[in-house]
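Some structures are shown below for you to check.
Common to both upcoming complexes is chain A, partnered first by chain B, then by chain C.
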Partner chain A sequence: MTLNASDKVFVKERLERAREIMLRYPDSRSALLPLLHELQDAAGYVTQSGMREIADLLGITPAEVLGTASFYTMFKLEPIGDHLVSVCTSLSCQLYGADVLYRNLLAHFAVANKKTTADGVFTFEEVECAAACGGAPCLQIDYKYFEFLDPEKAVELLEDVRNRGLSIVHEERGSVNAPLPPLTPEEVSKGPAPVGSGPLSETAREEGHG
Partner chain B sequence: MAELVLTRRMLDRPHDSWTLDAYHEMEGYQGLYRAVREMTPEQVHAEVKASGLRGRGGAGFPTGTKWGFVPKDIFPRYLVVNGDEGEPGTFKDRMLMERDPHSLVEGILISCYALQSEHAFIYIRGEMGHAYERVVRAVEEARAVGYVGKDIGGTDFSCEITVHKAAGAYICGEETALLSSLAGYRGWPRLRPPFPAVKGLYDKPTVVNNVETMCNMPWITRRGGAAYAEMGTERSPGTRIFCLSGHVNRPGNYEIELGTTFRELFERWGQGVRNGGRVKAFVPGGASAPWFDASKLDVPLDMDVLGKEGSMLGSGAVMVMDQDADIPRAVWRLVKFFAHESCGQCTPCREGADWLEEILERMLDGHGRPQDLDLLFDVCDNISPGLNWPPAQTTICPLGPSATAPVWSTIRLFPEEYKRLVTGAHTSLASSAPAGAEPAGVTADA
Partner chain C sequence: MPENDTLSTVPISLDGREVQASPGQLLIAAAEEAGVYIPRFCWHPRLRPVAMCRMCLVEVEGMRGLQPACYVPVKEGMEVRTQTPLVKKVQEGVLEFLLLNHPLDCPVCDRGGECPLQDHTMSFGPGESRFVEEKRHFEKPVPINNLVLLDRERCIQCARCTRFASDVAGDPLLEFASRGNDLQVTVFPDEPFSSYFSGNVVQICPVGALTSIPYRFKARPWDVTIAETTCGGCAVGCRGALSETRNRLIRFLGVDNDAVSWGWLCDKGRFAYEYVGSENRLTVPLFREETAAADAFSEVSWAEAVERIAEQIQEVKGAGGNIAAIGGARLTNEEAYSLSKFMRVVCGTNDVDCQLDDGLPADFVAGARNRAVINDFAKASVIVLAGPDLKEELPVLYLRVRDAVVNQGVPLFVIGPPQSGLTDFAKKVFDTPAAFDPVLLPIAGDVVLIVGRQSAAQDAEAQSTWALGLSEQLGERVKLLPILRRSNVHGAIDMGLSPSLLPGRVTVDDLEARERLAQVWEGEFPPDPGRDCREILDAAVEGKIDILFVVGADPLTDFPDPVMARRALERTSFVVVLDLFPSSATRFADVVLPAAGWGEVSGTVTNLEGRVQRVAAKVTAPGQAASDAQVFREIAEHLEVDFGCGTPEATLREIAQVAPAYQGVSLSRFRGKKGKEGVLVGEGRVAPRTSSPFEKDARPLGNGFRLHVGRAFWDRGTLVSECPSLSGLRPGPIVRVHPEDLAFAGITDGSSVRVLDEDPAGRLDLLRTVVADERVPLGTVSVPHNQDEPFVIRVGATVTLERID
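So, the complex of A and B:
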């Protein structure tokens, strides 16, 4: 993290960007969630001082900012690890053993739900449906998708991320375009085919995100 | 089989369907030009009405009719597109936003023209970072060539699109909660009326439509509402993307004509139940829908028929469970979802969903009591009196009653599974599942 908790977040380009975001809306209060995202991207979590800055920008009270931020699960009010691991245990994933997968992960990393590993690398959270049910069981690392896991693969995946970093592992094993488009009826009649993410398309690779 | 309206492009161009170049090569933005250059807003609206298109967000309300509720003389007015997809089992809007964002943008522009709105907002679920980036990029590309902004296509129609990233709260998918959230507040639903069409975003008339609903618009304007209405069934026209998940060999998103049966969906598209098994239960339309057992396999995917059969097509999420599935455990997981996502404004929803979760958890934990089934019914009845379908609603929004649907529908269909919990013949939830082991009844082997 380049910022200290007390550093001002909305200065220079970030301040300009904040102003630009506010102008997108007929009423600048609509920029509250986007600005909280900006803050969290910059500071790693939603800091008290950052929320005061947002309150000043929008002309509302810090209490209003906090009252809104705390409603939304993506905003973290305390520092978290380098990577956020969100494991879906909702129904479609549960049907493929996601609860076992998650318990196993926590045991392997000796950590509890919503807590960070001792080395500060991973913070774990159990989440509701991640909209990747066709690739169940799945998880997100920093909101990047990994699908078709099982308890062993999930542990191995996270060890891989810890050793080699998220971006390279995501490029090799993540799903950029999941879920795959459906097959046409003609293709359907040819019989079973692989589903879900498959290899990344070349274009998606070039784009470098997902 | 009908033509593919929504997924043709991503099938034909799997490596670049989301780019403007590819979209242009596939009739991209021709619907928009046709609308703004050759049609009046009223004519576009009339085509949408003629198509019979019904909203794909869950309630299935006819889109043309909804647009008609906007008061004639109040401006500005807004279009807000619901991309908050979070209902367990649903994963189609994400696919559309990632793979076909330009059809969403074009659909929005066409709809704004018809609604005479000059500002649209796309509210995208925050966890879908990739979808957000793709949509933002599509809007920028469209702006660069003059589809978004002032004097579109050399006409005097102007339209701005703002892409808004949400921050994690399922309830914000409910339209009034979404509008509060978009305005910068907590995502709390409010009582309707007034309906958003009359008093919505910033208290102005606002139409809220789902992503998939929007993606149909380019096709409808190019080919006409009548051609659209020829597909599907009379009261559920068109094609629709069904999100098939659970114990089938090939889960995924499938665009099929309405009127197809569940059996066909599972066997032809899903390639049958895994390991050659059989269907024990399925959720026909998202987490809020009452469940079906195998006796309903030949029911057609038609909104009205599903309503008569006591459930709904809802968000298009179909979840299949094979003979080994542990029904009360699956139900507990959905109830836990609702308890977690309740915004807490209404007592029956806030307290009731928690109670349901706790009772089921205790039963699964090996402490079921004979009176628990009555207790479950009783709690359900307190949330949604009468346990009917469609459910009675004593709460601000439908989330409360939704939490009861999986419970009462499965106790009626699979009473023996619940009785097993009461007689203690079930292994406990916690103790049976040390890390790494498989708890009884949950099949993690696929």
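So, the complex of A and C:
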């Protein structure tokens, strides 16, 4: 990150771009979301001083900017690490033990939910359905998908990212990682597997969450 | 909501009963009018509906699911059911849901005992909750400004406070942040809810989430007695309910009336009751020791004070000397009338003035024809505002103008200093009346013309002749609203506290009025206008005033030339000051009489529309402080004048009898639903003054800046400085200048400057901190009045600005 928290964000080209974005809308206030994105891209997160700048640009109050920014969970109101790790814990992933996976990750990296590791590399968060139910349990690193994980695989994945960098790792093993074999005719005739019979059911049951 | 203009009503069926309702009116309001109360949290009659809390769900035949009564407009033939088992079940469900996270800390909550959530839970709730899990927690309570605390755990997310802040006050500083389980009301960090109207959110919050710091933990609803009264903070005259416990005022809440305030109060009006109980109040009559050094007063009894004043009057009258009175704008109508009568019949003079040369000519104010009332704003085709910054001086009037402009779309022209909060919505802003061109106005429809003194350095005569010139040009279309600032100054003028006027909006030479007065008033007074405040003080400087009554006024602060005022008081042989607090004027007094004030005296007051409303006495005045009316009556009776006016009621009867514009004003007219709106006084018989088209004002010569002296909401006035909760809120000794002017002069924002009158004869010389403010017109230096030591203001003054290094 090149910006300090106190640096003005909307200067020079970025200010021009902001003005240009504002012109796209009949009511410049509608430019609020795109400007928040600009701010987050530039500063790494939605800074307080940046919100004030946006308020000044749009002629609204900082409280109004905050109201909108805080509604969207993908806007970060606090500094985050180099990588954002978003673990889905909604129903489908949960059934495949996402909570165990997540707890294991936090324990391994000695960090709490919504917090950043001491070395500043990862910030962890729990998210609502990441829309990858077919690859449950899944997580995203900087919104890049990794699916069909289990607690051990997830730890190993993050260690790999820490050592070799996200882009290489994602290229090698990103998105659909280990698709399940196609269903056998018997499985098809049996219907959906009962709850708790997924690949993680052992661990999950031990943990009392089966 | 704006009142519904549709006169025709349609039948609807309400719980099987046919009732009449106005089409378009919201179901919840229509039902209430028909006597059916539908429970609600988020709906407030003066706020835009949002249907957020779901407490008001009812069944409407033919509409799928339950409908929020606060959002569905009435249609002819609608069949509405509010009491079915389904509705009751849903009400229980909504309440159980709202209480999931509610801390139920009623025993330590300020709202306990008067809380809509408590009441609704008792009346409509399930009685039990199935929720056994841990509730949501927040830090409690957090301040959102200097006067209001927020407890997010108690909040039920009804959005009343946020809607008030953005839609009514125009200060969108209070917002919802996050969502779902984390949804919370918040201000931006380090950006408090700095609104002049912040107390209103405490009042309308349906739970104890918002509490006011001055009232917190002071009382329970069953410990207090309450009276409805009118705010004495300024000339708007907002209605409110005043609470007392153990003879102390502890709270003032807005009361909804349609004509004036809609239930709102500004923070000054709401919290200023603290001054009434201040320890600094005057409590005993004081007499200056004849021999001792300056400032040595001794306490005397009322009887002795009255006797000695009466003796002085007799002596001065016997020797053909002069008696005069200034002030009186804080009195009730009845007190002002007593002072007016006292000066005429006991002292035989018209030398009275309730304005301190800082308002408008009294005949312009009292003689305005075709007057506007506040409710005309929203119906006008245009509003022309040539007055002071309303938000600073007449705050709730600002809310009403803002509503007309922002919510009802009435175009606004602003003439003069920019209006904080309104300028952005104005169609056009003009620096001076001369720059305004009437061809810009719409060709038809009512023009509401609001006229006040924009600056203490502005020529008030010119301002009023300009306004009359414009009115004449536009004819009947114009509805004029002359506005003055001090609490009951309009009532005081109506009671004849003006050198050229008698009670009831008539001139001193009005034969009919004098005849009628002669039947009631025993005593002679001249048929010619007396001296106004400036002339009185001028004469005093020359030693020509023998007795000067200074009634609830401080000329050393408020008269534009405090140096002259001081000399005048020094040169007057006998100065009687009646006031609530020691002031700079009491230092020059020979007699100081402790007065009873707002909250202690009952009677009536008249607001800037000419609307008479009642004020109530809720506590007894401290020590021996007494109503000014009583003082004047006692002195008169001591001089064997049959003064009458023994009680406020008797005085009001006399006013209605002798004051033409007040004929028919009686206590019975303040009762009932209609009486809630007060009584508008009639037209008087003050001849319209001669008008002239406004001349192009001479632009400042040389490099001078035009001087603008306006009031700031928070100043050193008694209302603020005697209230512990408010006195820290003043902007302080600053001057405001446009940033371009500052850049040109090479002065940096925040540095010290010297403001000097360009005219060598002028005596303005101020050291202040300069603040860059884009709202100040170019070429102007704006100085807020009464922030520290008073200074001399010359009408039409131009000043220079020097940097002090």
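In the analysis below, the second predicted complex is superposed on the first by the 175 of 210 C-alpha atoms of A that agree within 3 Å, B and C clash if a C-alpha of one lies under 4 Å from a C-alpha of the other, contacts with A are read in each partner's own complex, and residues count from 1 in each chain.
Following the convention adopted for this analysis, contacts are C-beta pairs under 8 Å (C-beta built on N, C-alpha and C of every residue); 3 or more make two chains touch, one makes a residue touch a chain.
Given the structure is predicted, the values throughout are model-derived calculations rather than measurements.
Q: Looking at the overlay, what does A:M51 touch: chain B (first), chain C (second), both, or neither?
A: Touch partner of A:M51: chain C, not chain B.
Q: Is A:D150 in contact with chain B, with chain C, with both, or with neither (first, second, both, neither)?
A: Touch status of A:D150: first partner only.
Q: Chain A residues in contact: does chain B have more, or chain C?
A: B
Q: Quick check for you: in the superposed arrangement, does A:V100 touch first (chain B), second (chain C), both or neither?
A: first
Q: Of the partners chain B and chain C, which touch A:T89 in the superposed model: first, second, both, neither?
A: First partner only, chain B.
Q: On the A-aligned overlay, A:R29 touches which partner chain: chain B = first, chain C = second, or both, or neither?
A: first
Q: Would you sort A:G67 into first (chain B), second (chain C), both or neither based on which partner it touches?
A: A:G67: touches chain B and chain C.
Q: Given the touch rule stated above, what does A:I168 touch, chain B (first), chain C (second), both, or neither?
A: neither
Q: In the superposed arrangement, does A:F75 touch chain B (first), chain C (second), both or neither?
A: first
Q: Given the touch rule stated above, what does A:A136 touch, chain B (first), chain C (second), both, or neither?
A: A:A136 contacts chain B only, not chain C.
Q: Share the list of chain A residues that count as touching for chain B in one structure and for chain C in the other.
A: Of chain A, residues 67, 71 contact chain B in one complex and chain C in the other.
Q: Considering only the defined contacts, which chain B positions touch chain A in the complex?
A: Residues 1, 4, 7, 10-11, 14-16, 19, 76, 85-91, 93-95, 98-99, 119, 125-130, 133, 162, 164-170, 181-187, 202, 241, 243-247, 249-255, 268-269, 271, 283, 287, 317, 319, 321, 325, 329-330, 333-334, 337, 340-341, 433-439, 442-446.
Q: If we count contacts the way the header does, which residues on chain C are in touch with chain A in the complex?
A: 171-179, 186-189, 191
Q: For chain A, which residues are in contact with chain B within the complex?
A: Listed in rising order, the residues are 24-27, 29-34, 36-37, 58, 67-68, 71-75, 86, 89-92, 94-97, 99-101, 103-104, 106-108, 127-136, 140, 143-145, 150-151, 176-177, 179-185, 188-189, 191-193, 195-196, 201-204, 209-210.
Q: For the complex, which residues does chain A have touching chain C?
A: So the residues of chain A touching chain C come out as 48, 51-52, 60-67, 70-71.
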